[in-house]
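Chain naming follows the written order as A, B, C and D, and within any one chain the residues start at number 1.
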């Protein structure tokens, strides 16, 4: 059971502290909403494991459950507990800025992970660690455009766009990258509708069902992540509409399988394990006084049916 | 002798509700210092008339005249401001609040910015409580009071203003004799201060004891007023129901059968203790006592609604264990409960479904309820009990009290019980229906049913019972055979005066 | 009520015993399980606890009145979000551009006004149509949320004003701004419910509505005032919270009603109305925040927090019933 | 000529208002957007209403018995996750059986707490909403659950059609017919109305209130399990939060159908109308190009109007007489 293991983890770490003397650094993390999808859960596990593997680190792992108020409270708690560094996965890139300022004023460096905070907060953070979501959006546009060209429909194709949760920086950035890049590479492809799918497969399936009723011709679907992409794919399959090109981002296991099955065209390979490790490493580097780029991206390559054999199936 | 000016006059009041003409030209006058009884069967329009007087309803036609000035009252507070005070029949208290807050409910004294003036509130309330000679003070929470004391709080409300008219609606329903005396003292005090008192009650003995005049309503129409001293029970009854009522008891002319139910040394918690009695088939046994004497609790224990703490129950000579109403029903025990609307009926359900509720598991065709068989049962009892309803589809909530009670009785008769327990069979029911129900109970006994009747009305128990078990404070004080009971020794038995017989 | 000492409080409401239990439990468990060098019952941590209780706590005071009055309000979370949007939109509005920081009181006023208005809409519907408050507010929970989305689609509304943030983060006599708001609201509502005619009438209505009507208490206006109050308090909570955070997602405040009702019920207020205490409601709010904080302190994860809070709610209900049971011979209905 | 007095009009609206509103809605949408009444669209609306609908059937039982169930959304997430997880481990048949058993166990727990221990159903199911969510997260470790074999016959319940009718619709229709008969024609159904209408009177008639309420929750959890099955089969994979918030949508449909939250009133047929009405409104607004949140506001107005007309019809007056 999860409670037991986390207790055990805590006990183990605590006894580590007692036996091996105080660890070099205590790092607190407040995550967005663990348990709402596999990416965040895998991230949570990977982070805990990575921290445990490093004897110099004690990690306080918290989860805001998607609630801004709770996340702000957690940052306050971490400041009050006197941790050495705070990693934050913002629930709302704007609303956490004052809390981050508070940490900065208390002399605690803050590292933002996965999804960036708004520019107003850049003065108060040490670094951002995560994927370059604008580039991801661009790459998705390129994947889709290339496919349309090879199919010979680049002059007529109609695309619908299912975005992530509104107000969420990742969602905004990916959408921005996609919408800007597509006209550059395929000027004649039109995006006929955009609706949010809230990173939620079920919601995305409903959105796609509505699109299918509304539009008789849909050639391509771009979804902000594979979870939503597969939701849209399910809707198309249920309605018996074949031949639609699905492109997503953050390649999930379901997306990978759908690609293997030839139903889903492409995505962006992004590992939550890399994401978590990168965040922790960035925090450690900051604490050790190393020079860290302010926007510390890890690479997220294109993956399509053509090159998928080069990548292992995602674990989430 | 010159007639004093009435403090309150009603002239040709008409009030209609969708489909009903509830009051049809009612006129009434109340003189200062008189106690004026208002009588009528249920549904005759008494409550509507009182609501018009209390400002809760506005009349469609006619006038309310206070001290010879026509008034329009929009709400209870305006009525109260005119000196018309209403003491409700059903307890109308906020239990979580203090006595003082209840006495001044709706008009707490203030000291600016809507703040309650507690000092004044408690002082005034204590003064009123002193008049009523009660044993609690203004700060007591109402939920900590006995039912009777709560009724006294209700009465205390009448004394908060310079009342011109006080309306009492069945005020004695839950009072002990001692408390009744205090109430009657209060009424004569009011009388002495030239306050007009309107007194509504079904209890004839009280009416004839304290009132000066009696006005009668029937079907929303005013039947006239008479001086109390010029009439008698029979006369009033005739005015109320428009015919003569046969109140004489016919001696039971049938043989009693074997002992159907026997109770030996039965106790249940603090409710009752060491109770023993027998009921034969063909016999009606009356249980008489004050509210809280433990009569209803015995019935509930027999019906499996309460656990016994000791003693045994024998049915047809065999010891039985009744754990739930289901058990009781299967063993042939039926209970017509005290509270018709709360315990007897599902008001939003139709007549047929209510009637067949306890046996709905048994009248089935395959997995379904056999509706044809249900309607047959309904028809049978509608005819035999003369239930007046447009049809089985009618929600019981729309029937009159008497007809509702008959549905409850029919519900239990249709179970073909061996023992029928009837708790307060005629509470809140008009005189006409009352005597019908009494006849019915006698008839059932004559057909061999063992009947237990629990009642707080002495004439009722004396009228229907073959034997009477008197109870006081959870114990049986005496069992009377038919011939030996008199009003005097019965009153003694239930007030704890006479020792165990 | 003149001498409020700890003993009286404990006797009056078991919620404070529960809080004490939580404190002891988390302190002991924390000393084994927590990574923090600081004790759980550190003064600063307790001050933070109060501050973090404020968003839910301020609304819970309104919910206590509503529930004592015999109603329920499921729409407060949505009202909270609308008020936040009004606050932030007003501050970004070009209309008030020249005012500098003087826009702050205008924005606050606008948000509070809108909150009160939304409450009034609920109250008016419940009063005039006679539809049960549960259904009225279930409907407006959806409807108000729809209005939230209409402002800015599904995008967040943001406006960061550092003057306001500094004010919200300030500490006066050691207590945070939000804490002051919570305490003042608690005191004011306590006074309202225990010392004024409106409060006493609200109790009477919740206790026995029929009796209140018969006594000439105008049930409708009282109900309406209470709904306006909870609307106002939901807006006040939003004003206090978003002054500090400066950005609202359209989904913010969702499920708040559930937490708030939980807090009020933990505080001993009966769902049937007529009884309940404002101080115990504060206790209920603190108990929940303490539970969350404590579970985080000892390293429990989201799933555990959910399980524990759900179970405790049911357990409290069960214990309350067991305590009030009279004996085996009670009537079985 | 048809002439109605004001009173009669109110009474008529009270009785048939929902149906009338439904008809008017359909007409308006049909005139505005021809696609709206196409067979494809109608089938698609009913199909996507099936999950809400199936749960609404169960909740109708609970509401008629005088209680509430706010835990169904959370419980449906649980069912969906469990059956998806077990599908790959023990095969579809056993997985479905195990999932139904576990969900019924949760229903039994709630039924025990509300029925036998007589705890307030609002608070109990509110607590269960949170607790079951925790349970689901613990079970899954927070991960999405997916069936690896996408060609499993398990997809039958959510994706296939029989004689041109999608299976979810068939399940919804069959369950509605079955539960409709149980509620209106059997002794058990009669007892539910009695218990919800006046629990004390039901007890005094020898009906076990505890048992009746217990079985209502059991039926509700059975419906939730069925909805979870359709959901899981439809997408062959799911997040832990798939049912979140559905409890309110379901409750809205049931109330719209005219069931009284006080208990004792409501029918399966009316609930079905309520469900379809919500589904068609949602669809109609989308077809007209309105955002999904407009539907929130419309639902708000419709719920209030529906319940208002219902009680106005009963009291014979449009406005509440409350001072």
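Note that in this section a contact is a pair of C-beta atoms (placed from the backbone, for glycine too) under 8 Å apart; a residue touches a chain by one contact, two chains touch by 3 or more.
Protein identities per chain, from UniProt: A = Sugar transporter; B = Sugar ABC transporter ATP-binding protein; C, D = ABC transporter permease.
The shown structure was predicted, so the numbers you read here are calculated from the model rather than taken from an experiment.
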- Message: Using the contact definition given at the top, which chains are in touch with both chain C (ABC transporter permease) and chain D (ABC transporter permease)?
- Response: A, B
- Query: From the centre of chain B, which chain's CA centre is farthest?
  - Reply: A
- Message: Taking the mean of the C-alpha atoms as each chain's centre, how many Å separate chain A (Sugar transporter) from chain D (ABC transporter permease)?
- Response: 34
- Message: Counting only Cα atoms for the centres, state how far chain A (Sugar transporter) is from chain B in Å.
- Response: 72
- Can you give the whole-Å distance between the Cα centres of chain B and chain D (ABC transporter permease)? 43
- Item | Geometric centre distance via CA averages, chain C (ABC transporter permease)-chain A (Sugar transporter), whole Å | 33
- Which residues of chain B are in contact with two or more other chains? 75, 305, 324, 343
- Message: Can you pull out the residues of chain D (ABC transporter permease) that are in contact with at least two other chains?
- Response: 137-138, 142, 200, 203-204, 323
- Query: When you check chain C (ABC transporter permease) against every other chain, which residues touch at least two of them?
  - Reply: 153, 213, 218, 301-305, 307, 332-333
- Task: Would you please name all pairs of chains that touch?
- Result: A-C, A-D, B-C, B-D, C-D
- In their shared complex, chain C (ABC transporter permease) is touched by residues of chain B numbered 54-56, 75-78, 80, 86, 88, 92-97, 101, 105-108, 110, 113-116, 268-271, 300, 304-309, 324, 343
- Note on the structure: As the complex stands, chain C (ABC transporter permease) meets chain A (Sugar transporter) at residues 32-38, 42, 44-45, 48, 51-52, 55, 153-156, 158, 160, 165, 168-169, 241-242, 244-250, 252, 292-293, 296-305, 307
- Task: Would you mind writing out the residues of chain A (Sugar transporter) in touch with chain D (ABC transporter permease) in their complex?
- Result: 1-3, 34-38, 40-42, 44-45, 200-202, 205-206, 209-210, 213-214, 227, 230-231, 234, 237-239, 252-254, 257-258, 261, 316
- Query: Touching chain A (Sugar transporter) in the complex: which residues of chain D (ABC transporter permease)?
  - Reply: 35, 40-41, 44, 48, 137-138, 141-144, 146, 148, 150, 158-159, 231, 234-242, 283, 286-287
- Item | chain A (Sugar transporter) - residues contacting chain C (ABC transporter permease), complex | 2-3, 6-7, 9-11, 13-14, 17, 26, 34-35, 44, 58-63, 65, 68-70, 72-74, 76-77, 80-83, 91-99, 101-102, 118, 120, 165-167, 196
